[in-house]
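Pasting a structure here, questions to come.
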Amino acid sequence: MLKVYLSGEIHTDWREQIIDGAKGLDVEFSAPVTDHDASDDCGVAILGTEADKFWHDHKGAKLNAIRTRKGIEDADVVVVRFGDKYKQWNAAFDAGYAAALGKSLIVLHGPDHQHALKEVDAAALAVAEEPAQVVQILRYVLTGELP
Amino acid sequence: MLKVYLSGEIHTDWREQIIDGAKGLDVEFSAPVTDHDASDDCGVAILGTEADKFWHDHKGAKLNAIRTRKGIEDADVVVVRFGDKYKQWNAAFDAGYAAALGKSLIVLHGPDHQHALKEVDAAALAVAEEPAQVVQILRYVLTGELP
Amino acid sequence: MLKVYLSGEIHTDWREQIIDGAKGLDVEFSAPVTDHDASDDCGVAILGTEADKFWHDHKGAKLNAIRTRKGIEDADVVVVRFGDKYKQWNAAFDAGYAAALGKSLIVLHGPDHQHALKEVDAAALAVAEEPAQVVQILRYVLTGELP
Amino acid sequence: MLKVYLSGEIHTDWREQIIDGAKGLDVEFSAPVTDHDASDDCGVAILGTEADKFWHDHKGAKLNAIRTRKGIEDADVVVVRFGDKYKQWNAAFDAGYAAALGKSLIVLHGPDHQHALKEVDAAALAVAEEPAQVVQILRYVLTGELP
Amino acid sequence: MLKVYLSGEIHTDWREQIIDGAKGLDVEFSAPVTDHDASDDCGVAILGTEADKFWHDHKGAKLNAIRTRKGIEDADVVVVRFGDKYKQWNAAFDAGYAAALGKSLIVLHGPDHQHALKEVDAAALAVAEEPAQVVQILRYVLTGELP
Amino acid sequence: MLKVYLSGEIHTDWREQIIDGAKGLDVEFSAPVTDHDASDDCGVAILGTEADKFWHDHKGAKLNAIRTRKGIEDADVVVVRFGDKYKQWNAAFDAGYAAALGKSLIVLHGPDHQHALKEVDAAALAVAEEPAQVVQILRYVLTGELP
Amino acid sequence: MLKVYLSGEIHTDWREQIIDGAKGLDVEFSAPVTDHDASDDCGVAILGTEADKFWHDHKGAKLNAIRTRKGIEDADVVVVRFGDKYKQWNAAFDAGYAAALGKSLIVLHGPDHQHALKEVDAAALAVAEEPAQVVQILRYVLTGELP
Amino acid sequence: MLKVYLSGEIHTDWREQIIDGAKGLDVEFSAPVTDHDASDDCGVAILGTEADKFWHDHKGAKLNAIRTRKGIEDADVVVVRFGDKYKQWNAAFDAGYAAALGKSLIVLHGPDHQHALKEVDAAALAVAEEPAQVVQILRYVLTGELP
């Protein structure tokens, strides 16, 4: 069984595409909370409001870290998706975290980000452009079948 | 003696400010190659040209990784600076790498990046805005003196 | 599945509140022996009496360590509760032990202990005042649902 | 050469007694910042004031952690002193942190704290009452000489 | 569930006593091959005879190491029994191996071996004389019940 | 249960012999993709063609590494088979990788390779010539039965 | 300072070329014993003759392992050279050993070995053909200077 | 530089023979306290008398562990000498401890102990009978010179 953590961009359905495509494979997926508002506000919603935006965010980011650290540490494979928008520094942070732990890293991004992601890609075992390719990788790794 | 790795933005003199400010302290600094062109082209310059930009970048990023991995792994403290421009995913990658290794992380960025860097900041032991603050931290950590 | 170790204060029903509140969540809880007398006397009850109180306590503390070390080492999340009374140095010891192993740490204490626990809180991913907040954190981490 | 970290109580001169007593031995000592006010206020003094006492303390505790983590991680031996007053949870936290890293732990406290410190003592290789005994231990460990 | 490895003396039924006594507890036991002849000759029986007794023993000891290393590395608790006869250096070797891996160590021996085993006992969390005490420890650790 | 990774030569049926022979034993086997063409071409089949043979191979070798790294890292025992033909540097690489992780290593090769494999054999707990011997080792390790 | 271990082929002067070329750089080199006869016979020369060639080689390979393991474990960078002749399985073993420890790996070989070494190359941060390129890499990594 | 820890028998001058023989080599030796009485009584001499012999020995064994653990953990090579007399379980314990940490182990004993030490020898990289052989090994490992 392969444990796969799906990190990064939360505004498209790439996770669903991978999970759907991998139906029937012996894979267990995990991921961060992908509800943007919940993810932003979880800290203050549970632990009390903060006047200062920095601490508002800080409390939330730390709660989310409980989930993301476990997801990455338990994973065999960490897939990190970079989308078209936003800074996505948390995605790159996850990639670095996974690399330092020796996880198999798959990076998923379009060709326009190629130069900016060269250090991340250099730490990866695969660089894909489409979710379907990630599914093909998982199928090959588990069964030896090629598309 | 404190070993400090200075990661991230290479377009301003923040490293020099910190190194100058820390004169007299028992600190050993290291950093990536900060010559942008050398850093981009080192792979092909030494190991042969590539027709494909991806592999051009790949070879370079891997050579740079020899230096950056050693810098981070040997460090007690990793300072990561996010500037105003560019994607700077390698900076966030270094921060994640350092965090996973249990290094003491200091993040240095302006207030406008606060929300986008909340996951990185949440892993840090200090979030500063100015290089002078990093110097003050190093002085305090080593000597107990406050500004 | 999330493995959660509940360390610290043994004189109120905070563990039961958390375990009850987390019913239905995919959590496995563990905890020290919370029977105060058994915990104090286990060493001599099993391995023979000691004339000297130090060794009486020593034998017991070491037997208890078999359980607490396993509980902390197996856990994803370590919750440490500081109550109103007693020195509770074993709670702080467990927090330090968990922090050094990179466990996600949640500290649970009232506002009057805030200053004295600042070093422990600084190592935590969440600082809560009520057991119900811990339940909310576990629910959020596992399901993404907010209260 | 033996690296020794001196953790805990900061209101008596026990560190000086040990350092003086160990003159001539091949020992390198380290310790936290023992200036109480500096230690409390370092975070806001360097990184900016906080309205909320919790965050005031939090910023300071994290800066201090840069020093204490390095001190403990670099040490061969960690000595933790519990005094007569205060909660001293940071001392017990350091003891747990050191124990989890497999450091040789020496605990230093008076007989009245014996029962409350039994879990900490159980993780130690020596439990002493006087700084002079710590010096004797260091001398014996390094030279084989007994008092 | 507690994984317990039973190392050491193979000429009495102490393992059976512990396993029988622990019936109903959530323990999984493992142990070396306790058939003395099989253990001595396994190497040459499978991999071919050796003229030299040293290599005869060497091949066997290495095959046995496949089992003992796995047993110890997978264990939460390692019980090491020293009997009345023979050198039993492999038992002490296993104790050292377990200690270095941070396993909870229980040593089982009669009072006559007390002085000779002081270094081994010093690394243990319990020193027992009878198999029944080991059962009581396992029961206490798992259920909190005292005899 | 014993997890066994079967590394190396892919042109004879040695894996099948071992897996068949071990029927009824509590062993879980894993192995690399042994379809030579799929293994060579997986990278470009999934991630796009490469003009340069080096990168063609590189992409494939990295995808295969996702499977082989997991296989070795999860294994208790790594069996490495060297056949009569080819360089088989990946087999020796796997052996070194397994040795560095402290895995129990069994090497399987004919007598003509004895001198060339002396460094690999020196890191192994068993050196066998026939698959049937590996089965006998697994049976002995798990049940204590000799052939 | 960069510690570099030079593993592999011992029949040409590639080590001397690298060491000479790196004069003036802050590099400390180490390497296996490269005297072929001494390396083959060290075991029996020191520890006594063996009738069986397997054990003759075994004793020698283990003595050499004392040196090679230390060399690799202490190194920041491991360079592995594959020459034109011989099986060179020890070189590939060293590469796997270094990769598992997370060392920066540089592989040095001619183009004819490209396909056979693809798994080794895939674990490397650089693949070079000439010793001079290794020198250029070391110079760049240490000083940022390109050829 | 090679760090070598000399563990085990303390009644003959084997340590002096090795240290003398290794003059001129880049070796740093360490060893336990070899004064038998000091080693037995150090605990009570420094930390106070004990009525019970078990605790007398326990306190001493733990103080000695501060030195022996550091010696083994810092070492590249651990030499363990088994003499003709006594149980010497601490020697076998040290060997197991060193083996679990991946240290290069050299065992030194006469032929009469061969069978009883087979598990210890099986974990070693060299088994010698005379101190002079250990010197020859150290010289060969450091310089490549054979006797």
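As written, the chains take the letters A, B, C, D, E, F, G and H, and residue 1 is the first residue of each chain.
One rule holds in what follows: a contact is a pair of C-beta atoms (placed from the backbone, for glycine too) under 8 Å apart; a residue touches a chain by one contact, two chains touch by 3 or more.
Computed from a predicted model, the values in this text were never measured in an experiment.
Looking at which of A-B and B-G shares more C-beta pairs in contact, the answer is the pair A-B.
Note: the chain lying farthest from chain B is E, by mean C-alpha position. Centre-to-centre spacing of chain A and chain H amounts to 49 Å, using the average Cα coordinate of each chain.
Chain centres here are Cα means. That of chain C falls 23 Å from that of chain D.
Per-chain CA centroids place chain C at a distance of 44 Å from chain F. Looking at chain D, one finds that residues 62, 65, 127 touch two or more other chains. In the complex of the two chains, the chain E residues touching chain F come out as 33-35, 38, 41-42, 45-47, 59, 62-63, 65-67, 69-70.
Within the complex formed with chain H, the residues of chain D that make contact are 2, 76-77, 104, 125-128, 133, 136-137, 140-142, 144-147.
Contacts from chain B toward chain A in the complex involve residues 53-54, 57-58, 60-62, 64-65, 68, 82, 86-101, 113-123, 127.
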